[in-house]
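Read from first to last, the chains carry the letters A, B, C, D and E; within each, the first residue is number 1.
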Amino acid sequence: DEVTLQLQWVTQAQFAGYYVALENGYYEAEGLDVTIQPGGPDIAPPQVLAGGGADVMLNWMPSALAARERGLPVVNIAQPFASSGLMLTCWADTGITEPADLAGRTIGVWFFGNEYPFLSWMSQLGIPTDGGENGVTVLQQGFNVDPLLQRQADCISTMTYNEYWQVIDAGVSPDDLITFKYEDQGVATLEDGMWVLEENLEDPEFVDRMVRFVRASMEGWKWAEENPDEAALIVLDYDETGAQTEEHQTRMMGEVALLTAGSNGALDVAAYERTVATLLAGGSDPVITAEPEGAWTHMITDQALSE
Amino acid sequence: MRAGLGGGLMRGMAGTVHHVMPILAVLGVIVALWYAASVGMNRAWTLDQAERAGEELSAGEVIADAMNQERPVLPTPHQVFAELWETTAGEPVMRERRGELRGNPRSLFFHAYQTLAPTLLGFLFGTTLGILLAIGIVHNRAMDMSVMPWAIASQTIPILAIAPMVIVVLNSIGIEGLLPKSLISAYLSFFPVVVGMVKGLRSPGAMDMDLLKTYSAGTLATLLKLRLPASVPYLFTSLKVAIAAALVGAIVAELPTGARFGLGARLLTGSYYGQTIQIWSALFMAAICAAALVALIGLAERVTLKRMGLAR
Amino acid sequence: MAGDPEYRMADPATQPPVIEAKNLDLTFQTNDGPVHALKDVSLQIDKGDFVSFIGPSGCGKTTFLRVIAALEHPTGGAITVNGMTPDEARRNRAYGYVFQAAGLYPWRTIEKNVKLPLEIMGFSRAEQEERVRNVLQLVDLEGFGKKYPWQLSGGMQQRASIARALAFDADLLLMDEPFGALDEIVRDHLNEQLLKLWARTEKTIGFVTHSIPEAVYLSTRIVVMSPRPGRITDVIENDLPKERPLDIRDTPEFLEIAHRVREGLRAGHAYDD
Amino acid sequence: MAGDPEYRMADPATQPPVIEAKNLDLTFQTNDGPVHALKDVSLQIDKGDFVSFIGPSGCGKTTFLRVIAALEHPTGGAITVNGMTPDEARRNRAYGYVFQAAGLYPWRTIEKNVKLPLEIMGFSRAEQEERVRNVLQLVDLEGFGKKYPWQLSGGMQQRASIARALAFDADLLLMDEPFGALDEIVRDHLNEQLLKLWARTEKTIGFVTHSIPEAVYLSTRIVVMSPRPGRITDVIENDLPKERPLDIRDTPEFLEIAHRVREGLRAGHAYDD
Amino acid sequence: MTAFWRSPWLGPSVALLVVLAGFAADQGLGLILAVWLAAWGINIWLSNSGRAIGGFVVPILFGATLLVLWELAVRLYEVSPVILPAPSAIWARLITSTDTLWADFVQTIVKGAMSGYVMGCAAAFAVALAVDRSPFLQRGLLPVGNFIAALPIVGTAPILVMWYGFGWQSKAAVVVVMVFFPMLVNTVQGLKASEVMQRDLMRTYAASYWQTLFKLRLPAALPFIFNGLKICTTLALIGAIVAEFFGSPTVGMGFRIKIEVGRLAMDMVWSSIVVAALAGTGLYGLMAMLERKLTFWHPSQR
């Protein structure tokens, strides 16, 4: 049986579990022929899903729930990432020590559906996001750390497992930086869940395929957590751009393992509700306007984990 | 005989020198400016680092460091060329992977090939479409009035925005691989051809047209014997712009196909990981390809015009 | 001006007139007002006629020839060619036209330029070669077939364009100052050739020239025109015998006709000398 | 052929020769082999001379004029203009050149086309207007100044290009078949005007023509050329008086010279009739 | 035989056949084909009727047809609005978002594209003159210049954003790089376009370089220059918009398109595209109008 998985970023250790499952034959063992499609800054995985280009997508929950409200009914079937790796990284010498100091600063934010957690956070802090003395000036940050290094921004968005280390690799010492993890600020949202179209779940054959897919994927994740160095090498091997370095991927794998460690694949309902609460609190322009219904199911993970 | 041969050789060499010297001179100036700019732009970082480490650097040390950073703001020429060299000459184009011989993702040649294939195919599509549209526009008033404004509008649609949709839609009906990329290439390259060819096909003078009228030549004969030959200089000018556009199209199209391989993917991943040297070497490879393609068309132009007796 | 110059009796035994123009008017609209290029022009040309048009520059000779060939459309009056509209006649490939300027296609060699109408009219390869060779010889351009137009002198270009118009056998030849750029000797030579061709093939020829002797030597009728507005002021019958050696030009009959033409011409000019 | 046609005694009282060509050679390289356009051409032209060039088409008349004007460079021999190289003379704005084809700029009206050299040579506004008016009148184109070239007949375009060359007072006028597309009457008129201008201004004129009477009527010397390779076969002195009414063309002296030119010309032609 | 294909009935009968074939294959397809061919027929009739309104009505009718077809296709085949919204939905969104769209327009088109367009074309023009003037530069600068101009925008945009910041300046820089090459190629080609005799005339006047340039070569080059200017209008827009994908403040058409794609608000995306298309057509039209005024003498304009 064929399954196409749409990643939400280029091939990197963030998706190690899936590559491991592919490389180690876990998918094959489940009778699956899996294609992994890398993503990129201009690919909206929900769109690919809607267009029939993939069976499953990985997505951050804010973006997926927003899509759901826009009339694309997607459902979370598994959540390998237990916690969020998103954080804000600032220059320490700007004098920022706590979130309230962000007022009046220039901050780089990822858009493309990834701005929602930030906007919620700011609205909880009561800081306007349209510039000015007491507000923050938001820049649409390209997906690298140049704005910080060039000091075009005082803070930028980073992932614990990737961009933060790029800043460090650029020769900045951790002491020169101050970071705010979304987890610590209580505004964390779930990342990298597996989502499918709701209508497909009515098809038992599809459900069966997904059960096997999730099971094999989680097997891959657990192997990757235990063998981070080998997992990084496997990812490296699948990188067709030839741009990745072993050092960076190994470290990324280590950090990612921390985020997936707490998950067996089943969605943690409490975390889900926290995410929804954060998103509903989105201030003047909330990400979602109403509590979503049926946006997740344990049907797949229940079956996958029971056998 | 020998003298003649030697003389010919000497003249050939003199000719080469005559052509290469100015290029070298200009290149020299650019490289010098480039080094200066590199040092200027990378210096801040070196000084920042030194300050944080509490060191004092001499001017020489600052320059040396600024020219050899690992992630410079602007890499120096020698860094870029070293990278270019390593990723072309220093890497096999193919490599063995799980018993299969595949393209080696660390070879820039592999990526260049992945980009050039859709470029050429797209250029072919685009040029053909452009010429056909121009022919239609010149011969049919309804097309002239209705197609042109919409062709213009089509070009103002930001390609990067619709490329993903195009790819998604094509993927969902089972078209993937070379074709979607080529279509985006074609989309960017047809327009300069339309504009140039409409002008070219309309360029014959009144008397040239009248002559054929007295023969009662049909539309087709007029097209073949007069309009097309007269449009050749316009065609080549457009083709040069179009092939560069086709390359850009192919690179753009690589981003929403999941940035897997090709020079575009290389550029992009380079930029995610802040590897400026990789960006610049990919950029150079792309420019080398474009320049080579443009030069190729220039050559075709010169040969054609000469054969048509139009080069004087 | 000779009585009613516009009409003469058509010989009832012959075919209908090749060209019949009645009260043609043609006005060009330009950036500074209309130009009345033809006014009330009536003329009948029969099969086998050799009609010369002569008149000061700008009097509408070219315009009239273009109207005949359907390259320009009159703003008033009526014209038929072989009983059809000029447009229909054109579609029947009735015309061989020599333009006032050579108008060779720069991307074609001389040979290929001459071949152009033959290709369009679908002559066979062999026939094309044959005809090209013949006409290039006729205009004394053998050996220049492989050259490009810009490699030829002005006169040679014009001869090439004459060759091009002669290459296919159009029944109606319209020639706009074909021999303007040629020297007297070549001109005499080509005049003779043209007369021979005409006598042999019974073509109808409309011929614009600035040379009075040329007009008198060649034609059966001479149409004198005058400018602003362009109109026909005189039509002179030329009853010299059809057989015309070059030295006919020294006979009193010849000089007499030439004199009449000159008088007609002078009348249309502003200079009173 | 008359003795040694190439040299004649320069009047020691006058200035050095305006043009002095010695053994000029010019070969064009073309796609099918070299063309020998000028071979061993030697000629001296003094200030105030009016020299006509005549010869079969393709014999190198245009090429020779272009060499004088530094538009073409000889592959052999030497030439000086006013004691300088042609290029230097050109930089001193020694030339007024009328090309064989009109060559008007399509984006300029007739008036503006005539104004072109005046603008370049920095005449004052008022002077420009004045001169344009004068020369347009001279060539009988008053009232057409505001038209664009393609709105004029062939002859009118040619007259415009003559006006353009006359507008500024170059000492050396080079005219390549300027009157080719004009009818006899206009041509006579312009011939007279040109003679008057020449007599009044002492210009030196090089004049290509295909008309033997025109050459004889206008010039002080007639250079007969012959093709393949292009060379000078005869130089005929014309000792008709400087004052030349139009009917001088019927005098025996005139006809005698015309006859000599015709003989020289015929010798260079292939037709033996 | 010739009479057959000239017959006025040929077109309509073929059209009818095509429509029938379409219906046979698929109802929706048949309907779409019918609308298309009917509108096309009206267009041909209108444009051949030679009426003055034709020039205005025909393109609009053509566009309206496209829109109707689009709407039909979306409805008949139930295309998901996250893939392609219907024109009616786009219109609804467009008229309620004019403030945002206007701000984006000013940021991207007026500040980014137009300034870059002017600078880029002017620079290319100046370089073309220099290159044309000096054979040394012609042989040295042209190949190198071509090479630099061939650097693809997706690569240069991030770098230029890094150098010139997130504001419109970096967008203008991208546009400069983008329009440079087409303008250069066209201008250089145009400067060679004058005829030999026209140039010879100038030589006989011993006209200076600048005189020849202004009085002969530039006028003769205008058709080519306008070619470049026209192509560059659309390139400038694409450049400015695409550059915003690589970093921008929170305003601008590229920014808008990008974030709204992420939010799957395709109606807003298309609203921005509509604005871009209108702006591009307007700029192009402006250039075409200027061209008509200044090169009235060129055969292609007569």
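Methods note: contacts are C-beta pairs under 8 Å (C-beta built on N, C-alpha and C of every residue); 3 or more make two chains touch, one makes a residue touch a chain.
Keep in mind the model is a prediction, meaning the values are calculated, not measured.
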Point to revise | Reaching chain B from chain A through chains that touch each other, fewest steps | key: 1
Exercise for review: Show which chains lie in contact with chain A and also with chain E.
Suggested key: B
Practice item. Taking all protein C-alpha atoms shown, work out their mean, then name the chain whose own C-alpha mean is nearest to it. Key: E
Point to revise | Pair of chains with maximal C-beta contact number | key: B-E
Review point. Using CA atom averages as chain centres, what separation in Å is found between chain B and chain D?
Key: 52
Revision key, fill the gap. In whole angstrom, the CA-centroid distance of chain A from chain D equals 86
Point to revise | Centroid distance [mean C-alpha coordinates] between chain E and chain B, Å | key: 19
Point to revise | Centre-to-centre distance between chain C and chain A (centres being mean Cα positions), rounded to whole Å | key: 85
Review point. Where does chain B touch two or more other chains at once, residue-wise?
Key: 73, 160, 164-165, 168-169, 206, 255, 268, 271, 309, 312
Check your understanding: Of all the residues in chain E, which ones touch at least 2 other chains?
Key -> 83, 158, 162, 196, 245, 258, 261, 298
**Study point:** Multi-partner residues of chain A (at least 2 other chains)
**Key:** 41-42, 44, 47, 51, 142, 144, 146, 150
Practice item. Return all touching chain pairs. Key: A-B, A-E, B-C, B-E, C-D, D-E
Point to revise | Complex interface listing, chain D residues touching chain C | key: 28, 30-32, 35, 54-58, 61-62, 100-101, 140, 146-148, 151-156, 158-159, 176-177, 180-187, 189, 210-212, 246, 262, 265-266, 269-271, 273
Check your understanding: Quick one: in the complex, what on chain E touches chain B?
Key -> 40, 43-44, 46-48, 54-55, 58-59, 61-63, 66, 83-84, 136-141, 143-144, 146-156, 158-159, 162-163, 181-182, 185-186, 189, 196, 223-224, 227, 230-231, 234-235, 237-238, 241-242, 245, 253-254, 257-258, 261, 269, 273, 276-281, 284-285, 298-300, 302
Check your understanding: Which chain E residues qualify as touching chain D in the complex?
Key -> 195, 197-198, 200-208, 211, 215-216, 219, 222, 295-298
Point to revise | Complex interface listing, chain E residues touching chain A | key: 80-83, 158, 161-162, 165-166, 244-250, 255, 258-259, 261-265
Point to revise | Touch list for chain C against partner chain B, complex | key: 66, 69-71, 90-93, 95-97, 99, 101, 103, 105-109, 116-117, 119-121, 148, 150, 174
